[in-house]
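The structure's right below; bear with me while I get my questions together.
Note that the chains are named A, B, C, D, E and F in the order they appear, and that numbering of residues resets to 1 at the start of each chain.
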Amino acid sequence: MKLGIMVNEGPYTHQASDSAYHFTKAALAKGHEIYRVFFYHDGVQNGTDFTTPPQDDRNVVKRWSELAGEHGLDLVLCVAAAQRRGLVDEDEQKRHGKTGHNVAPGFRISGLGQLIEAGIQADRLVVFGD
Amino acid sequence: MKLGIMVNEGPYTHQASDSAYHFTKAALAKGHEIYRVFFYHDGVQNGTDFTTPPQDDRNVVKRWSELAGEHGLDLVLCVAAAQRRGLVDEDEQKRHGKTGHNVAPGFRISGLGQLIEAGIQADRLVVFGD
Amino acid sequence: MSEAGATKKFLYINRKAPYGTIYAWESLEVVLIGAAFEQDVSLLFMDDGVYQLVKEMQTKGIGMKNFTATYAALGDYEVNKIYIDKDALTERGLTLDDLQHLVWEDENEDWAEKDSIHLVGRDEIADLLDEQDVIFNF
Amino acid sequence: MSEAGATKKFLYINRKAPYGTIYAWESLEVVLIGAAFEQDVSLLFMDDGVYQLVKEMQTKGIGMKNFTATYAALGDYEVNKIYIDKDALTERGLTLDDLQHLVWEDENEDWAEKDSIHLVGRDEIADLLDEQDVIFNF
Amino acid sequence: MLHIVNKSPFTAGALQSCLRIAKAGSTILMIEDGIYGALDGTAVSGQIREALGDITVCALSHDLEARGVNGKVLDGITLVDYDGFVELVTANDGVQSWL
Amino acid sequence: MLHIVNKSPFTAGALQSCLRIAKAGSTILMIEDGIYGALDGTAVSGQIREALGDITVCALSHDLEARGVNGKVLDGITLVDYDGFVELVTANDGVQSWL
């Protein structure tokens, strides 16, 4: 079955991203297709590669990046939410003259249409949030 | 009177940072001293200068930076919370090999001891959060 | 609705108050973008979500943008099925008169103006959820 | 307590469950750092905060670090006034037996082991809040 | 003591927790979504009206106006602006935020 | 239809909103802090026990274990792991998260 995932909270503060990750991993292991993981609201913070969490804790961002690498997942950060919250890719870095870019490997910034499309294309949409 | 402020949520998602800002501004206008504003949990996101909010909306980060500039406010981002959530100053950029740094003017990264100190030194501590 | 291809029934459920958190506003942004995709769209306001439609908000004092005028434009986007939990209103001491009057123009009836808002109870809400293909939660 | 200079009465109030949000863990980090400042520290667990002290948590399945062993170390940091809302326990079907047994050693009584936990009702909680200089909310 | 409540009483337990603990003579300030607790004709109005005998209840006017409900405030509740918020903090010995 | 509840019933209204709307034959899955709604001997246990007549109630075992309360689950509640969570999503026609 084709599944869409929506993640509405950032890493660490709420468990939403953890739950979404474990759900996604289990779905992939069972042979389901993950059409897209869409990160909205504070969820876009899951895509920042500026995090350096303690060694004895999970690395939420890296874990998503690795899962994307292994399974070719499409991890999309909402552009409007990203602009409000400080997620910047190389294009945005140039346009706004920032000192760097902080979108982690496997994530891309795109529009809300990608969420609607996930709703249309996937057989189920599962929303994780607060 | 000497006031300490604690901000526990990031910009835009919760009103906590807005309320803290308006409270701080009003307190300064009344002649009170703001000993320190300490940003904890997702509150550290208030210090990212990677945000580019829409023109017709307030710029939460810039507003704090400007208030700090005008009044010499001490805006402190908790280092442990910042590491989990992707706030990086120039030192951390070098240490961790990031592409840039995203701590806005007027903010500095420091330890939780700064919060305890605010509790000790200030006459009142006001906590804004979710 | 879409001329070609299957449309899906999309329901946006709003259960949070405006301004205290951004969910109300960012939900509306999804609805506006989604309108271009010509699906069969409904909005449901439950719990504190009913506060989103209260009229005459003055946000100057809190320094935030008042986004609620946008609800009145939904009819122009063919988003005209707006359901409101009547028990949530009652619990909050509100009536329909406290809310914005949202309308749309029916092109099949010579652009007659019709109400977009429908008050619903628990059974109707349960049926509404049941018949959806996709539910977005805010 | 501090030998020189005035100490302040610090109260950390914990009202949230562990793991669903990070507040419990990041609150504990403040308490640990704060212990070095030799203030007069108390902790109060109210509402869902009482869940933080439940014993035998196994976090492997959710892939998170189990931080709750740290509560047992608080006594060594001279954090030994730990108040628990007894009505919150009752509402949740919990008793003291469900919680970690937190103790400290009293150097004034030949290092006798004493209970750190005190069950309190609403009036005692109201008094506890009243006598504080600083309250941290998590 | 000043108690600050920033959550709607219809979706969070913060106001109930606060009312249970607030002593006679203390002050409750409702801000952000907490101001919904200050309104007349709701499921919690009776409880607030009762509390008003012992406790001073204030609500932040800016938050009421933003939500379009400033005309519905219960009699006996004091409206304050951000200046008034600051005054409440300095006038009371302690501050407790019911997050 | 699958209803997902991720909030504690003691501090948020999500479980109550869900129980009000969930139809006979539907399934409720409690995850994260929502699992506190699955426990015996609490102020909401009676309500859940009653709902169990018409509704299938599941709770995520990993979240119960993490919180040390896996031994306190009400009779009649089904424990599922992340695999079971996926199965519930695919087996039900729709998914509603009571955020």
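Rule of thumb we're sticking to: contacts are C-beta pairs under 8 Å (C-beta built on N, C-alpha and C of every residue); 3 or more make two chains touch, one makes a residue touch a chain.
It should be emphasised that the depicted structure is a prediction, and the values quoted were computed from it without experimental measurement.
Compute the shortest path length in steps from chain C to chain F over the network of touching chains.
Tracing touching chains, the least step count from chain C to chain F comes to 1.
In whole angstrom, what separates the CA-based centres of chain D and chain E?
28
I'd like the Å distance between the centres of chain E and chain F, where a centre is the mean of that chain's Cα atoms.
33
Could you tell me the distance, in whole angstrom, between the mean C-alpha positions of chain B and chain E?
26
For chain C and chain D, let me know how many angstrom lie between their CA-based centres, rounded off.
So the centroids are 44 Å from each other.
Would you mind listing the residues of chain B that make contact with two or more other chains?
Only 12-13, 15, 22, 41, 57, 80, 125, 127, 129 qualify.
Show the residues in chain F shared as contacts by 2 or more other chains, in ascending order.
Counting only residues that touch two or more other chains, chain F contributes 6, 10-11, 13, 32-33, 62, 81, 94-95, 97, 99.
Note the residues in chain D that touch 2 or more other chains, in rising order.
Chain D, residues with two or more chain partners: 15, 19-22, 47, 62, 64, 134-135, 137.
Looking at which chains touch which, would you call it a line, ring, star, complete or other?
Per interface graph, the chains form some other shape.
Quick one: which chain pairs are touching?
Contact pairs between chains: A-B, A-C, A-D, A-F, B-C, B-D, B-E, C-E, C-F, D-E, D-F, E-F.
Going by the contact rule at the top, pick out the chain D residues touching chain B in the complex.
Contact set of chain D toward chain B: 8, 10, 22-23, 26, 29-30, 33-34, 36-37, 39, 134-137.
In the complex formed with chain E, which residues of chain C make contact?
My answer: residues 15-21, 47-48, 51, 54-62, 64, 66, 88, 91-93.
Quick one: which bits of chain D touch chain A in the complex? Just the residue numbers, please.
19-22, 62-65
For chain D, which residues are in contact with chain E within the complex?
Going through chain D, the ones touching chain E are 13, 15, 46-47, 122, 125-126, 129-130, 132-135, 137-138.
Under the stated contact criterion, what part of chain B meets chain E in this complex?
1, 3, 8, 15-16, 19, 22-23, 25-27, 29-30, 32, 123-130
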